[in-house]
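Comments concern the structure below.
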Amino acid sequence: MAYDLEFERPLAELDKRIQGLQRKGDRLKADERAQLRSLEQQLEERTRQIYGNLTRWQRVQVARHRDRPYTNDYIKLICDDYFEMRGDRRYGDDRAIQGGMASIDGKTVFILGHQKGRDLKEKTECSFGLTHPEGCRKALRMMREAERFHMPVITFIDTQGASPGLEDEQRGISQAIAENLEVMPRLHTPILSIVIGEGGSGGALAFGVADRILMLENAIYMVASPEAAASILWRDSAFASHAAEAMRITAPDLLELGLIEQIIPEPVGGAHRNHLEMAETLKAAILENLAELERLPMDVLLEKRYQRYRNIGAFATEPVKAGSGSNR
Amino acid sequence: MAYDLEFERPLAELDKRIQGLQRKGDRLKADERAQLRSLEQQLEERTRQIYGNLTRWQRVQVARHRDRPYTNDYIKLICDDYFEMRGDRRYGDDRAIQGGMASIDGKTVFILGHQKGRDLKEKTECSFGLTHPEGCRKALRMMREAERFHMPVITFIDTQGASPGLEDEQRGISQAIAENLEVMPRLHTPILSIVIGEGGSGGALAFGVADRILMLENAIYMVASPEAAASILWRDSAFASHAAEAMRITAPDLLELGLIEQIIPEPVGGAHRNHLEMAETLKAAILENLAELERLPMDVLLEKRYQRYRNIGAFATEPVKAGSGSNR
Amino acid sequence: MKDESQPALPVNSQNGNHPETIPSVAVSARALPDNLAVKCPNCRELLVGKDWEKNNHVCPRCGHHFRLSAEQRIELLLDEGTFEELAADLIPTDPLEFVSRSQSYRAKLEDEQAKSGLKESVVAGTGKIEGLPLALAIMDFRFIGGSMGSVAGEKITRAIEKGLEDHIPVLIVSASGGARMQEGLLSLMQMAKISAALARLSEAGVPYISLLTDPTTGGVMASFASLGDVILAEPGALIGFSGPRVVEQFMHQRLPKDTNTSEFVLAHGMIDAIVHRRMLRATLAKLLRLYHNAGRSAVIG
Amino acid sequence: MKDESQPALPVNSQNGNHPETIPSVAVSARALPDNLAVKCPNCRELLVGKDWEKNNHVCPRCGHHFRLSAEQRIELLLDEGTFEELAADLIPTDPLEFVSRSQSYRAKLEDEQAKSGLKESVVAGTGKIEGLPLALAIMDFRFIGGSMGSVAGEKITRAIEKGLEDHIPVLIVSASGGARMQEGLLSLMQMAKISAALARLSEAGVPYISLLTDPTTGGVMASFASLGDVILAEPGALIGFSGPRVVEQFMHQRLPKDTNTSEFVLAHGMIDAIVHRRMLRATLAKLLRLYHNAGRSAVIG
């Protein structure tokens, strides 16, 4: 796996030298061997250092890395049994959203999320993870099933947003997102959402009304993609990096703002460097959080979920002029 | 309004003579005036006699009469206030099914039904009353609204069946009908269905799972249209009249079979002869039945509705050979 | 096909044909003599009867899934010896005293019973798959095209009620052309009756798996067959509301080749999966396990 | 349009233009001087200001519905003198300390407040229509394009809570380009917060009427605006998830002329009715009456 992001250039150079030495194999001299060890140490240290100090815009690039694990990768690595459920029973089977019933450590859950697709064929099939109305409705169907059978719902969020095509408008992408937002707060089963890559706008939120929201260390979550925000704010998407900084889109930002519950650490150099290690950390976090959520009586769970959202918002109050209105 | 059905020929002749005399107006002689009165009496008697002895196939023709009142006619004549609700919030607004919130005698209900359409333009717009998946889903949305606000649901059934087009298959006409059949038995509000014309197959049943089913005197209700049944049974739709007889599709048949609760009498010569009188009779029947249904506690209502369907079926039992199975 | 033996079943589909073989044997549950051959209606391959049977009545060349009898289906899916029949004593009557142009309904019933060895188009009961219990109802297309009358409706309802009582998952295997004309509106109302029972099952949190096999059409598809928590289909089955013939005839539409097949309904979001017969038992076992291991043990088993 | 004043609002739509008139007057709630004229952006007709006002700011020639301020909307809809404001003391802050390339968010807020005479993009309160009480929230497009930040979200939520407490119907009049970028994810989460409150309202059997006016797009359309028990729209309003510009730019699709209008969403089954502004008050009154007269009096009023 190459180091192909711009800020990884120092790592790429170290990696090149390491590979040069490794290619010698058995012919490696003693001092070269020492040098290799030293370079490998340097690479790990530099990786740790660089990845420990990413700017927000760099995190956007990591979150979008083409080798980053996707929903289906995690399902494969985390679940011991899986039955994919397809279709919204109304119009189609949106491959941008995939999921089904799965067994994690012997316990059945519903697990679903955005699938961006890795190669061009899969990307096209999955609409690059941009959900259509059918994807929202398929997810809703699964959530209702989960509720019926007292299975927790786990959603993986990884999208730039909902699909903005003409056909999406025709089939009610707004309505589909809105319906999820109305049903999820009252779903009588625990919901755990994890932003595994990009969380973008309504296309993310429609899968992210949860009891707890976790984010992978380098994941981002935002009201609009940095490009879209820059375009809206300054009529120029070239200012995306600026928008990324201004909008506070990283996991630490959002933890600080109280909008997420937990950050899940990634392997050194990002989730894409080690899918298996990432999946194991993620699995542990899922199990721990689910165990805590399942201890709560249903009415407490629902009340806490409601209050979680009810209390979001930052505003001040100022005295109202006499007679101009009443306060709550 | 002409007498244009085949079995109405004697009436048409009487009517023609009556009209001939009426055209004379003031120029009518005394004996002609007496003749006119006699002819009018004869017409009414003959009408009463013919309409009192309709064969099943003749009733099919009356139920399909082009001047027969449709859902929207009744809504106009029965309701003192009406707000039409449109759309399934998923794909479209099926004009084959129309309805909304309405006030009957000051009380709010949801009222909806098939609209066949009178002229060609309206017929086309309404798909001749053949519901698309969107029509079922629109109705379901209204029924859920009715449940939420404790309003009774009144459905008017008047269709040859659900629409059998390719697009209907693509958007899940089967699924749409099935979903109504699953939701209606558990809908927490009274449901009253009235077959006002033709009740055909799944396209009718999807709007007819009710606490009580009433039928207008000349309405028909059947598992498949006589033409379709003949085609299925004898590979020839020309035997439709035969199928109509064999399948027992009239209101008296179905009352006898215990499949409907009540027959609503039509004006002399059929509902199409006097929309206003028909609407008044219908309104009275609706109010009376609703009042009775609303007196029941919800759990009793739902249990009775369940048992209403649970007990449908005619079968015998015979001793089972030893060891070949267990009985209930 | 000129008699009353067919329900509302579309013909002329690529899957709607019976295999060309000795008729009363190929569609029965009895084993074939060693030397008999069956012709695949899809690829025209001549299949050796014994091999064809061992291959679960699937054509090894093109994968065509032949229809199974209820008995064969039970053998394919359930743990051996676990099937216990329910409501086996129910027999059809002629509630409408159906006046037919040809054979009377009573005579027809007797004929079909003799030919198929079945009393009706549905077999209901309980059984186990990989040790996990379930209630089930299986439609048998041999009996008047798997059509739904009062007895079929009652048996399916009893299977659902059994699932509800014992809190065990319910499986319905559909194979039907729809409602049975000879029982008139009683027949249509079975769709409402079964769906109402399923609504109770669903409210009680008991899973329902619907398996669609060739063919599943008409009122069956427009009711319980479409209401599964999970809906599976065998490959290449004819599945739809109207048959292609009806659509082409009444709507004057020409249909693409795969209209109203398993693949069509999957593509249009109506079912969860197409499962090859070879994998069917394993898939059902997986589903039963997943439901069985639900958090608050909604399902006892 | 080159500053930060616009939210996620699509431009270039036939309805997205401000009327060509003296800007600060035409969009304010204050009465026009007798001799002023306004040009209809749709049909280019020159309208006499006073006539235009009497006609509820609708072009008498082509029916174009001009945007209304929250104050004008209240005057149009409510019984005179019945409006009581809720949560009037809430004012926006700058929770992200938003680092902007141009004007700071704080400065922008001050500017917009001065220009519009509003503290935020939403006015909430209670009132009556033909004597029947309701809780309501009205978005005002003049304030940063009606964009949703924390204050807008909070005010709308309080209106819903008021409806829930007093068991009176809730009306939300939308006019918004969507979420406000400068409050980042806090802004997106307002959609979830409002929708959750609406879910409680719905469970309690209290009616919610959503009125869509020009423009209703983005996160607003994809949440509460689409959740009405009844959804009404004014004619010719821009309504949709993405603006036409986004669709054409990102999806490389050319759009038919009426895409994402009131007429479009009605045709696609997303709303119940398009109501001319002249009939709006009467229609709302009818709906309130119908809800009020529900059988078991779910609604007290």
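Going by the order they are written in, the chains are A, B, C and D; count residues from 1 in each one.
Simple rule for what comes next: contacts are C-beta pairs under 8 Å (C-beta built on N, C-alpha and C of every residue); 3 or more make two chains touch, one makes a residue touch a chain.
Since the model is a prediction, treat every value here as computed from it, not as a measurement.
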Message: Return the chains shared as contacts by chain A and chain D, ordered by label.
response: B
- request: Could you pull out the chain whose C-alpha mean position is farthest off from that of chain A?
  value: B
- request: For the pairs A-C and B-C, output the one whose chains share more C-beta pairs in contact.
  value: B-C
Message: Rounded to a whole Å, what is the gap between the Cα centroids of chain C and chain D?
response: 53
- prompt: Approximately how many whole Å separate the CA-defined centres of chain A and chain C?
  reply: 42
Statement: Distance in whole angstrom between the CA centres of chain B and chain C is 32
- request: Quick one: which residues in chain B touch 2 or more of the other chains?
  value: 89-91, 171-172, 175, 179
Query: Tell me, which residues of chain D touch at least two other chains?
result: 202, 226, 268-270
- request: Based on the touch definition given at the start, go ahead and assign the chain network to line, ring, star, complete or other.
  value: other
Statement: Chains touch one another in the pairs A-B, A-C, A-D, B-C, B-D
Field: Residue numbers on chain A that touch chain D, as the complex places them
entry: 162, 164-166, 168-175, 177-179, 181-183, 185-186, 201-202, 205-206, 208-209, 221-224, 228-229, 232-235, 239, 242-243, 245-249, 254, 257, 259, 306, 309-310, 312-320, 324-328
Statement: Residue positions on chain D within touch of chain B in the complex are 202, 205, 207, 226, 229-230, 266-273, 283, 286-287, 289-291, 293-296, 298-299
Touch list for chain C against partner chain B, complex: 1-2, 4, 6-9, 84-93, 95-96, 98-102, 125, 150-151, 153-154, 157-158, 161-162, 179, 181-193, 195-200, 202-203, 218-219, 221-227, 240-242, 246-247, 250-251, 253, 255-256, 259-260, 264, 268-270
Chain A residues touching chain B - in the complex, by the definition given at the top: 89-91, 133, 137, 171-172, 175-176, 179
Query: Which positions of chain A touch chain C when the two form their complex?
result: 81, 83-94, 100-103, 106-108, 134, 138, 145, 148-152, 294
